[in-house]
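Alright, structures below, take your time with them.
Next come two complexes built around subunit A: one with subunit B, the other with subunit C.
What follows is the complex of A and B.
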């Protein structure tokens, strides 16, 4: 027979190999698609690390910083540009434009346009009693119980800087009727449709000031518990009704002041039968036009009278600004209602100065004296040599100064002019030896006229030490 | 008939009794075909499995991204307590996941909780991502891709509205 085995064996081998080839190709294609899938998985992991919500966080921060900046502008305008509502509006509008320019530069660096513009301003009144004395009104025979504001839509920043001298004592009192029948001073906030809140401020032992709140909604009741604080070296305690604090302690009983409806503000028993129950200084802002305040309440001293208290001046109660913020993925248009109460106070009674906050509760002036040991601080002197009247309540104030250092040399000096409130009106950094220095066109009006102005000289030596010398004088 | 000396053994490999070349051929083919197809089926199944897992993971990630954008918009809306606030956030999500389109449905849960339900058709995967928002979010279904979240504009200014870009 013919030998066919050999060829058949060959054929079988080839067929099997082809099958394996096709199968391997198919498996290879599957593995390639698996690789593509794994690619997608890697992309997913990358997608998971992207943070798209950071734009919204920036928008939030921008909103808060705009609120703080414009609150600062409003604070400045209320103490420096408060001749009339027109000058206030101009000052706030200019300030907001500056805030917008500054924010726009910061935003442009990151490719995010920002715009802030002033929408509207709520006119109000600032009522100030800044001469230490009893909390009486400005009538010919001063009254101890009088209306501060009649029917104000709102009030904010109510601060009483209470002295421990002549403060009526109320340490033994316990019940509501005890308080109400006593002669203790109380500040009343009477809602037109609601309750009346009586804030009793009295002495409680030596050098201690206590605050108690009674709410009268038909039946008088205590609100919270007594808040007390001991007066420091200056003999005063700051009772801040709006920030609900007595000096540095929180006082929850005072937090009723948030969200009051239309209300009257009255002072009761500031003096009783000629004897003072409370004295010190105070300040508050109310949401009512200054002419209305002066006709329906008070009486107040005319603002142009020289250094008398209490008086009422035009003020900005609150302002609305429009904020525009854009990034690649976010568009944010909103209106911010500025809340000056929520930000640090830089002017007026109970202000926080830069030096106190930096030195952490040290002395008021000269926080930063003498960096290293062994360096003698520099010395100097400053005085007001000449005051020239330029007309229109503007004056040129010439100050002469000198500075020297015993163990080195003077690096630089700063001459700062401060108004009676303590705020810096102008700061000059004259070159050494260029005494005298003149502050041009300083506006002195109203209560600042005839009041003590301060010229401050800060001398820096070349080893990091510094000295502050002040000179106070009544101007003009 | 084999020839040989009776009583002597023949080596097995030269013994071709009871062997048919056609049967051997078919057997060989069948066995290797079975082997290959089982291997293909196994690997194919593995790839399909992986695909579903990748799609599920990516849907979860996309859902979490959208949820974080929604909660960020909600926080911004709550921090701007004014009727004139207008917020618009673009959420750039991938248009396709593992080469399939997907859809996102926003559903309301009791309280201030919401659910995002993300679906693909092929493979059939459903992923749920929950989030909370104080502002009301409109219930609707959108297809995957670039989305826009709006507040203060549109039909209901007090609601967060999600729509396709």
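What follows is the complex of A and C.
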């Protein structure tokens, strides 16, 4: 008989060793494949959360800041370099070039070239009434109902700073025909092919100004509801038709002003039979050449007559700039139409510091209005003693002043330098006896060169009285 | 003979197993997404928040007043802590309050740098300096244009009467080419760098 037991015994020994090794190999392969699975899962999650949008976010941010920068340049040109359309164009083009140069340096540091260039400028007109008074025109017998602009392609930034003094009252009116038959002031925006929007501005109780809009497209109807605001300490309420707000309250009824077609702007009932229905200041920009405005509408005062308004000056209505931005993964070419309305206002009526300067200026203009009875107001004198040219249209203006009080003593003085528009360029509060006072590096250029500048001395005495003395001189 | 073969196989099997375990443990990746203070998610989130703070500050008009919150006589920001910069919290302006509320209260440090152009080069000025950022810091930027007639702010945040054109003690110089007719003073980039403390 064959001996199979021995061979079987041998076979089992060899089988056990092989099982051991094979088992170890299998477990090893299992561990490695588990590690591979884990890594795959982690990598997938990593890939899924990679942020690839950063380049586009930078491009968008650059577009917004370009819009804001060029809007500021346009604002500066409209108020400081507005002698003619040529000077406006030069100012805007130079400004855009400066913005582009600055942005290019910042972009170059990160390897992302940026270029901003001026494509085109839309010429328009700025119509301003900046001397507090009724909203009448500049004719020999001022009319309360007149055309502000005839057939303008567009208008923007319409704002009225309405005083509560001499404001016609319209509190009891309710229906559309009540308003239209009344003598209340209304600003009309009449589309050539479309409706006419009448913005009624009237008083509604003590110190309150209300605004109501009526749309006339054949059948006159109210638009939205009444918007009201109470005047602050300065007695004025800012009605901003373009920003659809009355002082700080939003007024949805005024949002019709967006997207109007070609339209006329008219003022109706600013004075009725000689009595003032509304007074204050206002300003607006229209998309029409200044010579056309002055011949077909108005009439307007000459803009160089400093204490008379309304007047029309050349202005930039809007500007188009081309923005070019490149990164390794993105090429961004776009045209930005500058929207000055969308950014904080830095000049003109309703600018950010308007309320502060109005409150201060109003008091100063009133002159010696302080103190109780029996106090003699202080006296003083001021003059411009020296003007030094520092180059680059900048001048040092030295003013000599003196102040005295007959029945007390002088508490403090203020010396204010005003440009030909009446705005305060710089205010100094020198210590008593420190005459002369020098205004350093005052920029006199464009319309302001050769125009009358004013130095104003405000003297306060120790009993609450004050006096304002002015001296006007053509500079430089 | 067979005993030696058995032993050899046992040793080999053990080594194989041990090697496999060590290999598997070593190759498991601890990636940036692993939960820790340096997670990529947290970085993305902080970047988005920083950008949101800058954009909303620009909209509200609180960004520029902080840049102009400058003490001419001390050549530093008002009430600054060290070398004209703030080192303990944000500046006492509206933007500083926003930054404090958004970042400092959550244990996130931030630097506020202003990069300006001088002679065709970019220079940096620190407004808020919390030190050197960590390796996991992110930044957000906003470009702002300063104009000749922007006015400096006083210590109580009110407007003074000193325009940028009139002063030469401001930390940003008038860009050489930008002095004539355009009214542009300089183009600056405001950068907020945030990192977890």
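Things to note:
The criterion applied here is as follows: the second predicted complex is superposed on the first by the 306 of 476 C-alpha atoms of A that agree within 3 Å, B and C clash if a C-alpha of one lies under 4 Å from a C-alpha of the other, contacts with A are read in each partner's own complex, and residues count from 1 in each chain.
Rule of thumb we're sticking to: contacts are C-beta pairs under 8 Å (C-beta built on N, C-alpha and C of every residue); 3 or more make two chains touch, one makes a residue touch a chain.
Bear in mind the structure is a predicted one, so any value in this text is a computation, not a measurement.
In the superposition on chain A, A:68 contacts subunit C only, with no contact to subunit B.
Touch criterion met: A:331 reaches subunit B, while subunit C stays clear of it. Judged by the touch definition given at the top, the superposed model places A:406 against neither subunit B nor subunit C. Legend: residue contacts after superposition of the two complexes on their common chain; A:392 is shown touching subunit C, with no touch to subunit B.
Applying the stated contact rule after C-alpha superposition, one finds that A:101 touches subunit C and leaves subunit B untouched.
Contact with both subunit B and subunit C is seen for A:57 once the two complexes are overlaid on the shared chain. By the touch criterion defined above, A:34 lies against subunit B and subunit C together after alignment on the C-alpha atoms of chain A. The partner of subunit A that touches more of its residues, comparing subunit B with subunit C, is C. When both complexes are overlaid on chain A, the residue A:174 reaches neither subunit B nor subunit C. Judged by the touch definition given at the top, the superposed model places A:26 against subunit B, while subunit C stays out of reach.
Under the contact criterion defined above, the residues of subunit A that touch both subunit B in one complex and subunit C in the other are 20, 23, 27, 31, 34, 38, 43, 57.
Residues of subunit B touching subunit A in their complex: 16, 21, 24-25, 28-29, 32-33, 35-37, 39-40, 43-44, 46-47, 50-51, 54, 57-58, 61-62, 64-65, 68-69, 71-73, 75-76, 79-80, 82, 84-92, 94, 97-98, 152. The touching residues of subunit C, counted against subunit A in their complex, run 2, 5-6, 9-10, 12-14, 16-17, 19-21, 23-25, 27-29, 31-34, 40-41, 44, 47, 51, 55, 58, 61, 115, 117, 120-122, 141-145, 147-149, 159, 161-163, 165-166, 175, 177-184, 186-189.
Of all the residues in subunit A, the ones that touch subunit C in their complex are 13, 17, 20-21, 23-25, 27-29, 31-32, 34-36, 38-39, 42-43, 45-46, 49, 51, 54, 57-58, 61-62, 64-66, 68-69, 72-73, 76-77, 80-81, 87, 90-92, 94-95, 97-99, 101-103, 105-106, 109, 344, 346, 352-353, 356, 392-394, 424, 426-428, 440-443, 445-446. Subunit A meets subunit B in the complex at residues 4-5, 8, 11-12, 15-16, 19-20, 22-23, 26-27, 30-31, 33-34, 37-38, 40-41, 43-44, 47-48, 50, 52-53, 55-57, 59-60, 63, 328-337.
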